[in-house]
Amino acid sequence: MIVTRRIRCQTQGNNHVLDLTGRLAQEVAASGVRHGLVVAFVTGSTAGLTTIEDEPGLVADLKDLLDRLVPREAPYRHNRTEGDQNGHSHLRAALIGPSLVVPVEGGRMTLGAWQQVVLVDCDVRPRAREVVVQVMGEE
Amino acid sequence: MIVTRRIRCQTQGNNHVLDLTGRLAQEVAASGVRHGLVVAFVTGSTAGLTTIEDEPGLVADLKDLLDRLVPREAPYRHNRTEGDQNGHSHLRAALIGPSLVVPVEGGRMTLGAWQQVVLVDCDVRPRAREVVVQVMGEE
Amino acid sequence: MIVTRRIRCQTQGNNHVLDLTGRLAQEVAASGVRHGLVVAFVTGSTAGLTTIEDEPGLVADLKDLLDRLVPREAPYRHNRTEGDQNGHSHLRAALIGPSLVVPVEGGRMTLGAWQQVVLVDCDVRPRAREVVVQVMGEE
């Protein structure tokens, strides 16, 4: 059994961290799959998916970390050749990665209590995002 | 065919790198799946999964790298607001990521000879960890 | 339905970024799977897989970023104990990660228009690489 849906969401860009756990849980429940896995995949090259405790202090810490490891203001070739200002956005997204797989048991994802699935939008402006959610398994 | 198990292990925290390859291989063999994939997923938000050559020098290098990229002693908001001392642990785990997928052929994972699946426990204290192992495929 | 193939490719090492999107798309098409997922997994511990816009400026930026975050010339224990000179290669690969999962709909991967699947070869010399491609799903 395979069910594929799209979650559409609006971000503010600039390392906006968006908790998708509730919507993923809804898609898993709606799929009818009780035992299997869920794949989340963000379409686009300036956002990534990971898990983190979605707590405001930590979300701010993650933004600071990305700003420090991959600064916005470095002389990226991408910005010169493409006329964009989001070289850092692409690099951050490539580091975080676009896909995540979570096992499903008893119709629920096997996440920890303080472990949320989040979209990190690294682009420099608000974006309408699409996350492909695929549930695969048995009833 | 879908088989889901849990690997329980004890870590020392503080970037303890634990080789799970042997136990994953056992679960793959026990599942009866000859052709398919195995998902490993660590429950909790202060540990990650990746592959590395499990060699003591390199394990020490990985710890040094994490200490340098995401220092323990920075003024993380998480530590102030939550009364924890593990802001860096959460950030390291979010960078590494909680899930890994490895194809299975002939009942074995398609790992390289020097490529081990490891848990990196970034928390600041010893932890009992649970890794969900899901084997999906055909006999 | 599960189809597993191997993509063989030659890299130049030293952060060579190789676009695999076309070859993955061919494998998906050849598999006959119209709805499901594709797993890509690189065998070996000195290369990783991610997605990025495969644009020469950005590829150069990614190389610079890896050189800065995980410098080649640091005193890695791996280099002393193993007689290798690729401690940084292993660490970069562990950060990027070896596996990627992309949903498939209508026989096509759900990638963005500027989102390519790339192999990043972090080793210090040209390498013949093998990427396991597994397509799982229904016709």
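Each chain gets a letter, A, B and C, in the order it is written, and its residues are counted from 1.
Here, a residue touches a chain if its C-beta (ideal position, glycine included) is under 8 Å from a C-beta of that chain, and two chains touch if they have at least 3 such contacts.
None of the values given here were measured: they were computed from a predicted structure.
Engineer: Given that chain A is a copy of chain B, what angle of rotation, in degrees and a multiple of 5, matches their CA positions?
Structural biologist: About 120 degrees, rounded to the nearest 5.
Engineer: Would the interface of chain A with chain C count as same or different, where same needs over half of all numbers used to appear in both copies?
Structural biologist: Chain A and chain C contact each other through largely non-matching residue numbers.
Engineer: How many angstrom between the C-alpha centroids of chain C and chain A?
Structural biologist: Distance between chain centres: 19 Å.
Engineer: Among the residues of chain C, pick out those that touch two or more other chains and give their numbers.
Structural biologist: Within chain C, the residues that touch at least two other chains are 69, 95, 97, 101, 136.
Engineer: Could you pull out which chain C residues touch chain B in their complex?
Structural biologist: Going through chain C, the ones touching chain B are 2, 4, 39, 41, 43-45, 69-70, 76-82, 87, 90-91, 93-95, 97-99, 101, 132, 134, 136.
Engineer: Please give the residue numbers of chain A that touch chain B in the complex, ascending.
Structural biologist: Residues 35-37, 50-53, 55-58, 60-62, 65, 69, 95-97, 100-103, 105, 110-112, 114-116, 136-138 of chain A touch chain B in their complex.
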